[in-house]
Amino acid sequence: MSDRVLEVNNLSVVYQDSTVFGKKSNFQALTDVSFHIDHGEIVGLVGESGCGKSTLSKAILGMLDDAKVTGEIRHYTKRPQMVFQDPHGSLNPARTVGWILEEPLRIFGKYDEPERKRRVLDMMTRVGLDHELITHKPRELSGGQKQRVSIATALIQRPRFVVADEPVSALDVSIQGQILQLLLNLRDELDLSYLFITHDLNLCYSICDRVLVMYKGQIVEQGPVDEVYEHPQHEYTKALLDAVLK
Amino acid sequence: MKQYLKDKNFRAGLLITGIMLCVILIGLLWTPYDPNAMSGSEKLLKPSAAHLFGTDNFGRDIFSRVIQGAGATFLIAAAAVAIGLVIGLIIGGLTGYYGGVLDEILMRISDTILAFPSILLALVMIAILGKGKYNIIIALGILFIPSFARIVRSEVAKQKNTDYVRNARLMGASNMRILFLHIMPNIVPVLLSSVAIGFNNAVLSEASMSYLGVGVQPPDPSLGRLLSEAQGYLFQAPWYAICTGLAIILLILGFGLLSEGMGGE
Amino acid sequence: MTYVLKKTGVLIISLILISLLAFLAFQIIPGDPTTKILGTDYTPERAEALREQLGLNDPLPARYLSWLKGLLQGDPGISYSYFMPVKEVMSGKIQVTAALSLLSWVLVMLFSIPLGILLARFEGGHFERAGIVLNQVFMAVPPFFLGMLFTYLFGLVLHWFMPGGYIPFSQSVPGALGYMFFPALAIAIPKAAKTAKLLRSSILNEMNKDYVRTAYSRGNSRWAVLRDHVLRNAMLPVITYLAMSLADTVAGSIIVEQVFALPGLGRLLLSAIGNRDFPVAQCIVVIIAFVVVFMNYLADIITQYVDPRVRLS
């Protein structure tokens, strides 16, 4: 077994919507999901919206409060982080860029203030943010700048594994390329592994090493990108690829 | 703040409240006459250049007394709003964040309290606590808790399901840290409007209670108490009541406009 | 129907809770009422006998139940300051407060509904702008101050009524109502200003909806659209608000009675609080609280009856 960062075995998630009167409506969001991610890999998770991609990412990071989660999720790295789809919602609107970036370090609690400031500026340089933006509020930034801040926030605690949930789909097409390149560069610089969630099959093909195809809460097919794209086994995968390639 | 300045109501409210506060602040250091200095030769004088608002039955300068009373009324209102706001923030924050049965019960109670005219509840509390300046502050402060708690609760409940809160949790922030450092700064704009409404209500309640004789007691000053004094001289010195009343109206109007300009009721 | 039943259940529970809270609130006040009642006649023996007579030695739950029973039978105890049944102390006073608050409530409707409609009708014009500014000022005027202005202007200067005077209902109903007109007006004006404002924004809100645009496109005039289409829907929130504002006019009466020296519940409540005559204060608070809760109940029922959409949500 090579160097693992994440292993998920037989994961199932049921949303329970219980009312005051005890009536319950259940929704099976994930069924028996198993996969793993190795060191340095970018693993794509594709599927149409509503198929359970977001539920899977939240389950992996322990963010499902109101659902019944069964199965095994094993992290081999500390403090996995997430880059959210909408950078506008993932940044605290009432705080400045500097405060938002420093907060993970304050919570981490191992560095004194000058060291925290140094790390914030260092990270801003890495993600390509002008240092003078440190006093700006998120609403004063462009979409691309916001997503850079969002990436910097996720990376400043120096995680080794990051879930990127459609990190570019909310951005202008002109900016998407820059942000993707940034994510690729950062993987090399900071020794990261990604679970890359997307509905864009072309995008997945161009940056991922392996791919998981999800359909109605199940992983119907997984494997190296080239293999899956060239020899899809499952009907759903074929349909997906047909739709894109035609 | 900047976006509020575009609003006509907000600008008018800012102007009125600003002028009132300036007068009150100056009044803390200096008033044209000693508000309590009596003068046997200057009883019940009409408004003039020497006495802008005239004099009362003891020959005291009403302008100086109104400034002093407005200051006292404003401080009482501020203290009552502060009590209601702080306790409301804590209760509303915790119930909004954690939800659950306690949340249900507390909100039902606050709904019931909010259905009652506040003056009636204030009178009951005064009956229990006794009269006087500090009891008025405590009574009004307690009465304001439900409305603040309700607003904070609904805002916190809205904010707690946002991505920035999920992100903070992912970074290992504690619940208290998320609630007070991450969420609270975001509800300040909404709260500002309720604070203005709170001042509006507090000034009206103080004036009513003190006018009825169950609020601020002599020798403490307040606008309500001045009005109750002025009533006895309504025929000889109508300007006493009118000038005091105008000060109350301006305070209430200013805060009302501010609140409306900030998107309140 | 289940809605009405559910609301009625909530109403009954609220009434019980209010009576319990009002009872407890006045029990936690320290002090022995017997010292007050006996005054200079005070001896420990007499005090003990009186305590026994008033039932003050019974345990708290027993006292609550006997008080509640008395309240329901129209005998809510003995006044400490007058040492006579609360019922007698209050006789005639409820009518004054009830008439005053009802009269001002009617005035609120008479002023606010036409005013709100006119403000919406002339949206954007000079009339509306002036009306809104004036409305805003009237909202800020405390009723008791308006009462003082009326006393000065109509009582002392114009002699339309005698300040401090009052004719009981038993002598002359028009006379009594005459003395109540200005107090009622003082209570009604700020409330009417708030209601008119609500109605105006409710109408303007409704005017922006699709069905109104359709009505316009058929060539209807603004008045016709307002009258035939908008008003019914726009009145909904206002009806609820009006039903609940009876509680506010009752509260307004408490204060304004003091300005005009009307012998109603408000003056009695204040003197009861001043004299620490808690059986009287307790009884008045419970009566007013019952009115408030009942009006809220009615508001809920009316809203549901007029607007079936509420049932679904």
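Note that the chains are named A, B and C in the order they appear, and that numbering of residues resets to 1 at the start of each chain.
One rule holds for everything that comes next: contacts are C-beta pairs under 8 Å (C-beta built on N, C-alpha and C of every residue); 3 or more make two chains touch, one makes a residue touch a chain.
Owing to the predicted nature of the structure, the values given are computational and were not obtained by experimental measurement.
Undergrad: Among the other chains, which touch subunit A and subunit B together?
TA: Touches both subunit A and subunit B: nothing.
Undergrad: Could you work out which chain's C-alpha centre is the most distant one from the centre of subunit A?
TA: That would be chain C.
Undergrad: What chain sits nearest the middle when you go by CA atom centres?
TA: B
Undergrad: Roughly how far is subunit A from subunit B, going centre to centre by Cα mean, in whole Å?
TA: Computed value for the inter-centroid distance: 48 Å.
Undergrad: Rounded to the nearest whole Å, what is the centre-to-centre distance of subunit B and subunit C, using the mean of the C-alpha atoms as each centre?
TA: Those two chain centres are 23 Å apart.
Undergrad: Cα centroid separation between subunit A and subunit C, in whole Å?
TA: One centre to the other, that is 58 Å.
Undergrad: Can you tell me which positions in subunit C touch subunit B when the two form their complex?
TA: Checking each residue of subunit C against subunit B gives 14, 17, 22, 25-26, 28-29, 136-137, 139-142, 144-145, 148-149, 151-152, 156, 163, 244, 247-248, 250-251, 254-255, 258-259, 269-270, 273-274, 276, 278, 281, 285, 288-289, 292-293, 296.
Undergrad: In the complex formed with subunit B, which residues of subunit A make contact?
TA: 61, 63, 79, 81-82, 84, 86, 89-95, 103-104, 107-108, 153-154, 157
Undergrad: Would you tell me which residues of subunit B are touching subunit C in their complex?
TA: 112, 115-120, 123-124, 126-128, 204, 207-208, 211-214, 227, 230-231, 234-235, 238, 241-242, 245, 248-249, 252-253, 256-257
Undergrad: Using the touch definition from the top, list the residues of subunit B that touch subunit A in their complex.
TA: 162-164, 166-173, 177, 181-182, 185-186, 188
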